[in-house]
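Take a look at the following structure, please.
Each chain carries a letter (A, B, C, D and E) given by its place in the written order, and its residues are counted from 1.
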Amino acid sequence: MSTQVANNSLGRRALQKLLRQKLTVICFVVIIIYLSIALLGALNLLPDFQARVGESYEPPSLSIAKIFGTDIFGRSVLFKLLAGTKTAISIGFLVTSIAVPIGITLGSLAGYYGGKIDGFVVWLFSVIVSVPYLLMVIAISYVLGKGMLSMCIAMGSIGWVGLCRLIRAEFLKHKEREYVLAARLLGANDYNLIFKQILPNVLHLAIITASLQVLGAIKSEVILTYLGVGVQDGSSWGSMISDATGELVNGHWWPLAGVVITMFFIIYALNVVGDALRDALDPKLVD
Amino acid sequence: MAQEVLLNVENLVVSFDTDRGKITPVNGVSFQVKRGKTLAIVGESGCGKSVTSLSIMGLIPGANGKIEGGAIEYDGQDLLKFSGTQMRKLRGDKIAMIFQEPMTALNPVYTIGNQIMEVYKLHREMSKKEAFDHALAMLEKVKIPDPKQRMREYPHQLSGGMRQRVMIAMSLACNPDVLIADEPTTALDVTIQAQVLDLMKDLQTDLGTSVIFITHDLGVVAEVADDVVVMYAGDIIERGTVFDIFKDPKHPYTQGLLDSLPKSSDTKNEELQAIKGMVPSLFDLPQGCRFKDRCALAEEACGESSPELEKFSDTHEAACFVTSRNNAA
Amino acid sequence: MVGYIIRRLLYMIPILLGVALLVFTLFTTVGEDPVRIALGNHASPEAITELRSKWGLNQPLHLQFLDFLKQIITFDYGRSFNTGEKLSALFAQGALVSLSLTLPPFLLAVMLNVSMALVVAYYRGSIFDRFATAFFIMAMSISYLVYIIAFQYILAFQFDLFPINGYEAGFRAIPYLVLPGIIIIFVSMGPDVRMYRTVFLDEIKSDYVRTARSKGAAEPRVLFKHILKNAMIPILTYTVVAIPFLVLGAFLMERFFSIPGIGDLMINAINTGDFPVLKGLTMYIAIGYSIFNLITDILYAYVDPRVKLD
Amino acid sequence: MSKVLLEAQDLSKHFPIRAGILKREVGRVHAVNHVNFELFEGETLGVVGESGCGKSTLGRTLVRLYEPTTGTIHFDGKDLTQADKFDLKKMRRDIQMIFQDPYASLNPRMSVGKILEEPLALHDIGTPKERQERVQQLLDRVGLPQDAIWRYPHEFSGGQRQRIGIARAIALNPKIIICDEAVSALDVSIQAQVLNLLVELQKELGLTYIFISHDLAVVRYISDRVAVMYLGEIVEMASSEDLYATPRHPYTQALLSALPVPDPTKRGTTKILAGDVPSPSNPPPGCAFHTRCPHKTDACMQDNPALKAFTNSSQHFVACHHAETLNQDN
Amino acid sequence: MSALKKTLLLSSLTALIALGLSCKPTPKTEDSVTDSKGITSKKMVFNYLRGTAHKSLDPMKQFDSASADLVANIYDRLFEYHYLKRPYELSPVLLSEMPTLSEDGLTYNFTLKKGVRFIDDPCFKGGKGRELVTDDIIYSIKRFADSNVNMLSYMLVEGSIVGLDEFHAETKKLGKETNYAKLPVAGLKKIDDQKFSITLTRKNPLALLPFAATQISIVAKEAVDKYIEDFERHPVGTGPFYIKEYSRRGVMVLAKNPNYHGTYPAEGDSGDKESGLLADAGKKIPFIDEIHLPLIEEPQPAMLKFQKGQIDWIGLDKDNFNKMAYKDEQGFHLNETYSKKFDMYAEMGLVMEYLVFNMKDPLLGKNKALRQAIAYALDTKGYIEKMRNGRGEPLKSITPIPIAGSQAQTETDYYSYNKEMALKKLAEAGYPNGEGLPEIVIEYRSANSATRQDFEFLRNQLSTVGITLKPGFQTFSAFLTKIESGNFQMATAGWAADYPDAENFYQLLYGPNSSPGPNHSAWANAEYDKLYKDSKYLPNGPERYAIFAKMHKILQDEVPVIITWNPIYFGLFQKWVGNMKRNMMQDAPFKYLKIDTAGKKKGV
């Protein structure tokens, strides 16, 4: 037995709850599709978006590659979108996998120990939130050299703040809960209390935050790429939108339409699932 | 005082749609409230007593609850046929309610005065000044020390007992015919509970209000009730005068409840007469008598159909096959 | 209360020190080299050293940092490397413009979104609620950049409803700010209405709502009198702290609509390594943020009588 | 009389109130104030009082969930207030606690099996298999089905959860269990079941209880001796019988009188105590009860009466200047 | 109840306000102006834009084109490149005529125009602009050479005027102590208030060209002394316009200098007369009363504004070119819908685009065949067609086509796309079909969508022969640092003429010009260097062109850079704009332009 199982049980209930809503299920499927595309991309199984499939700027037509038309090089907009999906999902994952562990660790320690550690963490995030987000992201990207990885690190190294606050607040509440007191009375040490007792109870926040983080990262990428600190090589939604600003006036609406639609589905799905997760994992409703 | 029935609840059925299916927390409940008297509804958590009271207040439609059937007659009119506006006019004016947690039941961001005055604003054509004076008078009536000062204070600045007094003042502001008190003293300490009960009794005598007193505390029931209704899992299983219930309980559940209270004669060398098992889930009710799984007297017949209330005297009814048979025999 | 304010103001010191250190580290150790940018192609090494020393960039880092601290205390961040203008002047000009771009739509948006959220919360669970939720998520799913391009192209160019871009001082600026304002409101709608709606729905579950209803209050009164004031507490925290960042304007908006605000100034400063501007702007914002945080807390205590500041 | 298992001397727990620019301590909440008592092996000591009287703080201070401000707690020859981490962990095996809220006291993300195994694992007791057996045994002992191991707290009712809490408390075979409002949140019919279980366990395992509750009837039923607390102080302590039959302190008298009796014929006999409990952050000078006491004199407003034996000889302790004079008729 | 209504009311009110405000701003009425002779006429406003904000309006301190465009209209220089004549030749501005050269070919004698006055400004006695005198010229040249003032552009005159280099060095030593009066420059001689001479270090046909640069605009000492630090925001010149509203990031407004001394050119190129460009010959300029210059950084809204007629002249970028124009055998044309409304020009730029190899790079520097392979693999023609809508010409020599000594004169040839040759050279380089060839990183100085697309094109090109490219999109300063420190493999580059002479391009590969000089490839070839020195001071002519051809041969063989293409610049202007002829050496010739106000109103 492990906490894993424990989460599964609550997770199972949450899942049942989620599956009762049709829309949520559809959105789940959408997310899974995007994830699979990203996975295929990671395995290099996506069609090469660099390959020419036709003349430049062919409007959409009924072949798979040209369903969203072609771009200036006659490349398939769809393939670019797929490659961009991989980029977007990787960004989402990277940012989340940086922000969430930091947020959880600092939030837990601050909330649990209080005192000087708490003071330090609060100070740290107060400092970070006092500086305009964009400025920070761009600056950190510069520090690390422009590019997708540094952009992700930049977003990640700021993105933990929100989660950290949440986790800290929850720890402050939970550490006075009777089940924690009981565990302390049974001789549990700090490690046990933080990681085995309290953390599993606040982890749902991390899941919800992560889904929002993915969302935010995807949206930020567009702006940052537009500003020239984002994705440099390869296809990304941000670079496609950036290109599309000029294409639109030429009547080449399809690359933009393609990005908007592609982004729309994943953001919509993440939002709906995020909301549903919030409801399903809300301990008020589960307990 | 005339033994006139002011409020008549007839076969009330309330259901809720939940994620896990439909439940019926109130399943055909009937009782009468007499003018100027106190009716206590007793039962453990989840027996449907609070849902009943909210139904009377007309606060059930909404959320996911639905009144499936029955009638609530107040002064000869069926409240269930009232429109939203009509019901709203009645609420707080003719029928008022107080709740268990005075801290959360009061709006934390408005002053006490403001909240009491609101009742007048809603139901009486009054100037601000008049409303203020009336509210102040109400605070005096519920014996809040320094009422002028309190008018300007916020709920959190008051102690639990004081807050409940404010709730009482607010509910009695329009001199209602019926006051529904839903566990009004459960959150209070005994000494404060005694104060509040005392106050309620005084006010009831003064104003002639009928009270529906909802509680799980049998001691309190014995203290305040004229008539008692005992509920279990959405059904009324016994009703009678307070003496009927405490001196000669007929239903095994009522008996069990009384027995499980530690009495002054009990010592820990004697086991308490506990009711075995636990209240069934509303999602998974047993066939027949809903109490049968916990009942020491249960027979096969109890599982076949649910017992109806049966008269034991003019005032006393209980719903149990076994007791009825024994009584008949 | 006074003690609380003093304490909070004192707490600003470590925060601002932290911000100073962060900004200093980020922009001094890396980022664009302002000297290279100022001198451009083929600058002679002497010219580079010369300018570096003129701008004080050849000093040891700790001395530069001390200088920076001095600047913070004296509120004098010097002149922009780029244009030689005093930062205070740049800020004074730009802040007003940025605020005139962002503040009115922000306030309108708060009012509008709170009202819409209340309406949606009122019809919670209905088809209308679902439809509205779907609509707001949809609105959120489209990139800000796309809104700007599309709105400018369609509303201003095709339909001629607004000037395409531009800015004039004073009240003549108003016509130019309408379209950007509409976009700002539009973009804020999705996330805000959804957030406010959640807040309202949380409050609707409260006991005092039941009390209000049992008094005979009608639903709109319950929503607007009882719930709204309680919900203002989380809404306040959400909105008031956003105000200092409004000074930054909305850089994309400023670029596309040629509004000479601070957002664009900041982006340009980043791209040219204009430290004095960056340092100054960041510190202004950080101070503004701390102060507005404090204001939030004071407002908090004002809205919520349970909160005592001491 | 049996042996003293635990002894609290001059035990206080004050919570600082901080304010001002530098958050200096400007006052203290006197949650527990100079409390002395002995706990005898095998007995149940009831602690009653109204909310805010410090009874729960006392319980938590005794197990060092709170660090006491003053005083000592001697258990098994050792002063617990001085215990280091190691000693404390050892002590944890001997003193356990059952909490009030059956919903909050169990970790919702742990299966019942895990919850019950936890204490054993923490103290490295037995092999996993032995622990498993012990868990089953515990479930059996508190009357829960074996399949509970795999289930989670939210699948149980309040009474069952409290049984899980009890099973957890007895898992380490403690000597003392502090029951902090252990049955308060339960319905009457369930309350009786749990009380019966507690009594059974005490007999079977030779447990010593400190039973903290605001419910006078329950305390009377389960306790051998009862201490009445008011504003952080013990105002009266006596055997259960003595205390309920002949309460000596005006507060105890009022408290007992206010207790509603499930007997409609005894209606209206309540002596109503005026006023509210003063704030423990600003306790009145002298006797803490004087603001509500119908018998107060000037002395009450100046000196805080010590807890002393009533009529010297007895085991009935009262903290009242006028205990003797007030109770002459008894 | 009422509260809900209130909200709805509030919302609709808001909507109403929004609608009310949405009425477009009333255009500033183009009120009339009265000129010095008392003749009232319609005010002529020229609406243009600035794509970036200027840095400094101090002529000696600026180097960016945004600043130069403004400086050129506020200040005057001794010369400018003739507005109409091609190839570009100098014509006098502040001088009454072109200077005369002494017999030894070393001293130029100048005579100032009479009656040139600075604009009225409080820095002058009585606030009245005083007349321009020789001292101003000498002061301005000295100020240009003052290393404390000008850190950017001294190299324009370096080594060419007697005593000026010494002066430059001296100012560096003296710093703030510098006093021009105490530092005479032998080569700058005042003869009287109207006459002065400049003595050269050696015969140099290019010596006068720098005096057409905005950096050697003529300033007044009074203004410099009075405004000190603020001088760069408070220009005082003799130019055709003065700043009416200074707004760096908003709308900058220039207004006509009513006392301007200049006149419209009396002669032009062949065909200019026919196209009406000489209609105003000899008339007093400027014609325009005001120039409005909003800062519009995004190209998209700028084009939308142009199409609405709110901007009179705009450069035509790639995306819009695609939409609005096309190319056929006869050249470039506007689509019919647009040609009714606008006029378009297409002018060959004085710009050479190229790719630089780092000769210190262990891979590329040592492997000539590899560099040649890359040169063969590039489809420059295709690039121009595809990425630039054909708006350029492949270059066959390092000099842009409009400049004397370019491919037309040297008759040189250059690499063109040849896959077989590329593969052959690649094999020769030791990487048959690109096998074993590591990734090559090419550096860019920004990361906007155009550069990204450029890179993608290049990558696709080279991948056809098996060469893998990786982009390094750098920030500008990082790019410079990388390039100048020689820490790169390949980089993109472009060079715009400082002055329209081939020397300005050949110097790009002159050995001693290695970084921080403009020769970033760090390529040094003794023969080339010698040829360069030989050609530098020769006047244009067959002798010089022959040397160019030899130098070109070496470049073509060694490939330290790959010369790619010469862009053509396009612009659109409204039909009501008159006298428009794109002059690549004068980016903002506002003083010659005019507006047909009546026609504009009618909507020509």
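Some points to look at:
In this section, a residue touches a chain if its C-beta (ideal position, glycine included) is under 8 Å from a C-beta of that chain, and two chains touch if they have at least 3 such contacts.
Just so it is clear, the structure is predicted and the values come from calculations on it, not from any experiment.
Steps from chain A to chain B, taking the shortest chain of touch contacts, total 2.
When the partners of chain C are compared with those of chain E, the chains appearing in both lists are A.
For the pairs A-E and B-C, the larger set of C-beta contacts lies at B-C. Distance from each chain's C-alpha mean to the overall C-alpha mean is smallest for C.
The greatest centre-to-centre distance from chain D, using averaged C-alpha positions, is reached by E. Rounded to a whole number, the gap between the C-alpha centres of chain B and chain E is 89 angstrom.
Annotation: 52 Å between the Cα-based centres of chain B and chain C. For the pair chain A and chain C, the distance between mean C-alpha positions equals 23 Å. The distance from the centre of chain B to the centre of chain D, each centre being the mean of the chain's C-alpha atoms, comes to 32 Å.
In chain E, the residues touching two or more other chains are 298, 300, 475.
Looking at chain D, no residue sits in touch with two or more other chains. Among the residues of chain C, those in touch with two or more other chains are 31-32, 149, 153, 218, 225.
Residues of chain E touching chain C in their complex: 1-4, 6-8, 10-11, 14, 18, 21-25, 53, 55-56, 63-64, 147, 151-152, 155, 172, 229, 232-233, 247-251, 294-298, 300-301, 304-305, 307-308, 310, 475-478, 480-481, 516-518. For chain D in complex with chain B, the residues that touch the partner chain are 44, 50-51, 157, 159-160, 187-193, 195-196, 199, 214, 216-218, 220-222, 244, 254-255, 257-267, 270, 272-274, 276-277. Contact residues on chain E toward chain A in their complex (touch as defined above): 298-300, 303, 317-320, 322-323, 386-387, 446-449, 452-453, 456-457, 459-460, 463, 470-471, 473-475. The touching residues of chain C, when paired with chain A in their complex, are 14-16, 18-19, 22-23, 26-27, 29-32, 137-138, 140-146, 149-150, 153, 245, 248, 251-252, 266-267, 270, 278, 281-282, 285-286, 289-290. Listing the residues of chain A that touch chain C in their complex gives 123-124, 126-132, 134-136, 138-140, 142-143, 219, 222-223, 226-227, 241-242, 244-245, 248-249, 256, 260, 263-265, 267-268, 271-272.
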